[in-house]
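In the two complexes that follow, chain A is the common piece, with chain B as its partner first and chain C second.
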Partner chain A sequence: MKDKPSLGVYSFTGCAGCQLAILDCEDQLVDIFSAANVRVFYEAMSNNDDDAKVDIALVEGSINTDEQQEELKAVREKAKILIAFGSCAHHGCVQAMANGDGKWEERFKKVYGDAEFTVAKPMETRPLHEFVKVDGWIPGCPPGASQMLKALTQLINGSPPTYTNSAVCLECKFKENECLLNKHIMCLGPLTMGGCGAPCPSQNMPCVGCWGIIDEANHASELKKLMEYGFSKEEILRRFRLFGGSDIVDKVSELLEAK
Partner chain B sequence: MRVYKISKQDEKKLFKVLEKFGEVWLPVKKGGKCTFSRIYSEDRLTFSQTEICNRPLLPLKKLLLPPEFNTLDFNAERYNRAEQNVPSRVVVGSHACDIHGVNILDKFYTTDFIDPFYRERRKKTIIIGTSCEPDEYCFCNKTNTNIIEEGYDLFFNDLGHYYLVWVGSSKGDDIIREGDDLFDENITDKIIGDFINWRKVNENFFTNDIDFYGVTDLMELKYNDNELWEYFGDKCLSCGQCTMVCPTCTCFNVIDDLEVNKNEGHRRRYWDSCMFKDYSMVAGGHNFRKTRAERLKLWYTHKLKAFIGQFGNPSCVGCGRCIVTCPVDINVYNVVSRLKGQEKELIRK
Partner chain C sequence: MKVTVNHLARVEGDGGIVVEIEGDKVKNVEVTIFEGPRLIESLAVGKSPEENASFTPRICAICSVSHKNASIRASERALSYPEPEKTYLTRELMHTGEIIESNSLHVFALALPDFLGYPSVVAMVDKYEDVVLKALELKKFGNKIMKLLNGKFIHGENATAGGFGKYPEEQELLEIKEEAEGLLPFMLSAADIVGGLEIPDYLEEETVFVCCNPADNKFGFWGDELIFSDGSVIPSSDYKEYILEKTVPYSFAKRSLYKNKPFTVGALARLICIGDRLTGKASEYYKKYRNDRWTKNPFYNNLAQAIELIYALEKIPGLVEKTIELEDPLRQLPGRTEGRGVGTVEAPRGLLVHDYNYKDGLCTDANIITPTAMNLDDIERYIGLAARNLNKQGKDPDYMAFEFEKIARAYDPCISCATHLVKVIKK
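And then the complex of A and B:
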């Protein structure tokens, strides 16, 4: 039998819910821990080996300080494969919603005043790929069990994780939901990466985009439609930005200037 | 063809008869949406259009080929076809357009390459069509799919106090025999007159003024009209809803899901959409239809032109689902309108 791959779960800025999402897979937990040699996983174990070289590193959270940048680079050096695990690591998530508006320092001062930071120098939040090479990602805030387990299994078996490259609408239609957009509700399903199983629209709650933007997202068209339904441009863009990630800014400012 | 009459007062008894042939399914309003659902005799629904809803969000294909299902269980040594557990079903309340849709699926899935999953479900499904009152989005009269001559087992024409029942298959005949005392074979001149009159009245309900004349030729002649397709491409959200709700969209994807640490997996099949960018991506990363405009053009060419060469008819059955579904109003009506150089649009209310 071939050697078990080693696995490390690392955490930066976020709610740590992505680690919890793994622990939440109770039925598969034994399988995960049997399939991989788990070396680092602070939320699950006490005997962590921080210096261990690992085959697969799952990294959750975004990067918010210079110290984290260095730690991330160290993880990169220890790992053969580095996976951005969850929305924070993948695109910045909610903490990146105001990225690029030029008011970060102002906001920072409002919260922390003139406090001096001795341990680490804070900065505007950024996703992992801006600092290190990321070999793949598992989307979601937090990732859903089926997609995450599938990706984990692929990684453990030595193949790259595959992604759902269809909008939330696909699975939403599988559940035979009426389109919320057509009911004049601000649903971001068409802009958002699927794979979640459309739990929110299935409960009549509009999609807020927590899995991040899909490649083919047509923000301009959805913006136009929502404005026809009476939403103001500002509230629509605010919603776009909520889980839009650090890269949404350019797109949104483009839309702000247009029309 | 044999024709019978059944009084609406006998619907409850008929329901009991149908239940002998399998689960009874009807389109009903559930949580505000219209969906094919299993109905029990105690639910006390009648088959008349006033009780059941007009346009199920997903067409009959939802029962003949579910949105996603497991086809195969495998491990390192062997594989087994996954048990489908397909129940026998009696689906009541499909309209002529949807049955035309099923006929197209039949051609596609059971002619050249037989799809065992489709065939099994199709064989176990009895289709009892019902007549309908068209709404403002229906245009089956323009696609010649408002009248149905094959594909159903029974077809109920709602003539007020009674139904005039067409028998379309031997299974349909079995139902008639089983409910022998409910069906009246005596079709009087009065009934025939009522039916002809009802048909005339019904035709007047169509208000959708889509002009289908020459559309196939226009698709050919305007194939390179990029401006037309870019107009729609700019609007398209690539959400794929149009292909999900279309009664004649047949595309699917197949994917292997592995179990963690168990050396086993499942081969899952699910509806795919040509509106997705990855749909036309091939090995090596080349994509045949990178832009939304190209993908829309593909879909409409397939529906309105290419299918004719392959199977003899366009594969649009005039059900109006694209009109009521597309969030940005890309639909057969608006595409046809632009093809004809017009700018009038049909917008869902």
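And then the complex of A and C:
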């Protein structure tokens, strides 16, 4: 029998929900720990081996201090495969919603005043791929159980993880929900990575875009439609940015310039 | 001698402990948070109540429903939304789900391995299979409630300012009721396991406790007043006059003081301040295990969490029965476009404050204080006390490091929450 692959779960800045999503697989938790040799998983266990080389590194959270940049590089060196685990790792999620506006220092002062810190040098939130090579992505805020378990199974068996790259609308249609956009509600389903099973529109709540943007997202078209429905351009772009992280910065600039 | 815990395990988020000891003196105790600052409060500015209800819970996964309810309460108070009874009860049920999920995760998966000498809950399976599997079932039940009412285990969107997108079906609620009744016998026996654990006595000292003061002299997880263990009761909106925030250079988490002294929030604080309002089996267990060490020893927090699990399971059937009698209300609209609102709720690990100002329907100013931020000074104080006593007993650094980590863990610290924090930091 092949040796069990080794697995490390590493965490940077975020809500720690991606790790928690693993602990939320109550029925499979013992199986995951049996199928892989878990070397690092601070939220779950205390016998962690920080120096261990691992076959698979799941990295949650975004980078926003100088020390985290160094730690991330160290994880990269230890890992054969490094996976951006969840929205923060992939594009910065909510803490990156104002990236690129040039006002980070002003916001930092607003929250912390003139306090000085010895712990580390803080900086604007950045996703992992800006510092290291990332080999794959498990999307989600946080990743959903079915997609995550599939990706973990693929990784443990030596395959690259796959994910849904179609809009939330597809799954919403499968559920035969009435389209919220047709009811003139600001739903971001057409722009947003599916795989979540469309829980929000299934409860009459608009998609907020929390799993990130799909490759073929057409922001200009959605903007036009929503403006026809009477929403202001300012409000629409604000909603685009809420969960879009660093992925949305260039798109929003283009949309701002377009008339 | 320097005792260092580089990276706290079995807690939520990234933190560490450094204790410096010289001879018989403890020179310095620092609980360091090295998660980076996300500046969430500054990002709440310019947002609507719905946007704040959607993104501020991303402060923390394990307290996400508490953040959601605190955010909604703050916005609804600021802008004068009506709150129909069914909406209130559904929110309460959702909150109870989070308490069940989080308390059971902490008591059984994160803290119990410390007392029984295991590195993780998975390692306990061989000897304690029944308890582990049943505890995971309880945790799963908490998640099921949150998924039903909020749409997802973590970061659902169904609950928002003005109500819910969709209310659950009667049959779904009746299943929840039945499952709560089915899990109660396990929880009673499990609380006796936690109640029977030997509690270390090397760190005993009185402190002050605070929690929300639920209306009508009831036990519960929110209210518009705060109650302190010294007997004071204040309106939540006056919290800034009583809870003073400050920064320390070695951590991105802000600290809080009450009357210039550190204080404790969380399950233990709730039972100490309002435990005499419990009824049923929860009250029986509270009376059975309450003793005068509770106000001095943070390790009793685990037992307090277990007793709250009994309360939560006993509370659910009544909530379900009342809820299914009521018609689904429409989404409520704000009564005005500007004002200030303070939402205080009890997250599993303690008092959580969201404080918003709105103008023209958009937030102009936000302040959020999280339970772990409030607990950090007391965590440091008790680690310092333990360091003095264990050092006197001649314990070696490795032994001490493990004990310090256990103390921090007893508070169920939530570091994602603690890192962000408030403004007005005048040095």
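In this section, the second predicted complex is superposed on the first by the 259 of 259 C-alpha atoms of A that agree within 3 Å, B and C clash if a C-alpha of one lies under 4 Å from a C-alpha of the other, contacts with A are read in each partner's own complex, and residues count from 1 in each chain.
To be clear about the criterion, contacts are C-beta pairs under 8 Å (C-beta built on N, C-alpha and C of every residue); 3 or more make two chains touch, one makes a residue touch a chain.
Computed from a predicted model, the values in this text were never measured in an experiment.
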Here chain A is shared; do chain B and chain C fit on it together or clash?
fit
Regarding the shared-chain residue A:Thr118, is it in contact with chain B (first), chain C (second), both, or neither?
second
Looking at A:Ile22 after the superposition, I want to know if it touches chain B, chain C, both of them or none. Which is it: first, second, both, neither?
neither
Applying the touch criterion given at the start, work out whether A:Pro190 contacts chain B, chain C, both or neither, answering first, second, both or neither.
first
Does chain B (first) or chain C (second) touch A:Ala35, or do both, or does neither?
first
Contacts for A:Ser46 in the overlay, against chain B (first) and chain C (second): which applies, first, second, both or neither?
second
Going by the contact rule set out at the top, does A:Cys210 touch chain B (first), chain C (second), both, or neither?
second
Give the label of whichever partner, chain B or chain C, reaches more residues of chain A.
C
Pick one for A:Cys141: touches chain B only (first), chain C only (second), both, or neither.
second
Taking the CA centre of chain A as vertex, the centres of chain B and chain C subtend an angle, in steps of 10 degrees, of 110
Is A:Leu7 contacted by the first partner chain B, the second partner chain C, both or neither?
neither
Across all Cα pairs of chain B and chain C, what is the smallest distance in the superposition, given in whole Å?
10
Do chain B and chain C touch any of the same residues on chain A, and if so, which?
none
Touching chain A in the complex: which residues of chain C?
6-14, 32-43, 46-47, 51, 54-55, 58-62, 64, 105, 109, 113, 119-123, 125, 136-137, 139-140, 143, 151-158, 160, 164-166, 247, 249-252, 405, 415-416, 419-427
The chain A residues in contact with chain B across the complex are 28, 31-32, 34-35, 149-150, 152-154, 156-157, 162, 165-167, 169-170, 173-174, 176-179, 181-182, 189-191, 214-216, 218, 220-222, 225
Which stretch or stretches of chain A touch chain C in the complex?
11-18, 20-21, 23-24, 26-27, 29-30, 33, 42-48, 50, 61-65, 67-68, 93-95, 97-98, 104, 107-108, 110-120, 122-123, 125, 141-142, 144-145, 196, 199-200, 202-205, 208, 210, 238-239, 242-243
In their complex, what parts of chain B are in touch with chain A?
32-33, 35, 57-58, 62, 67-68, 234-241, 244-245, 255, 257-262, 270-271, 273, 276-278, 292, 324-325, 327-328, 348
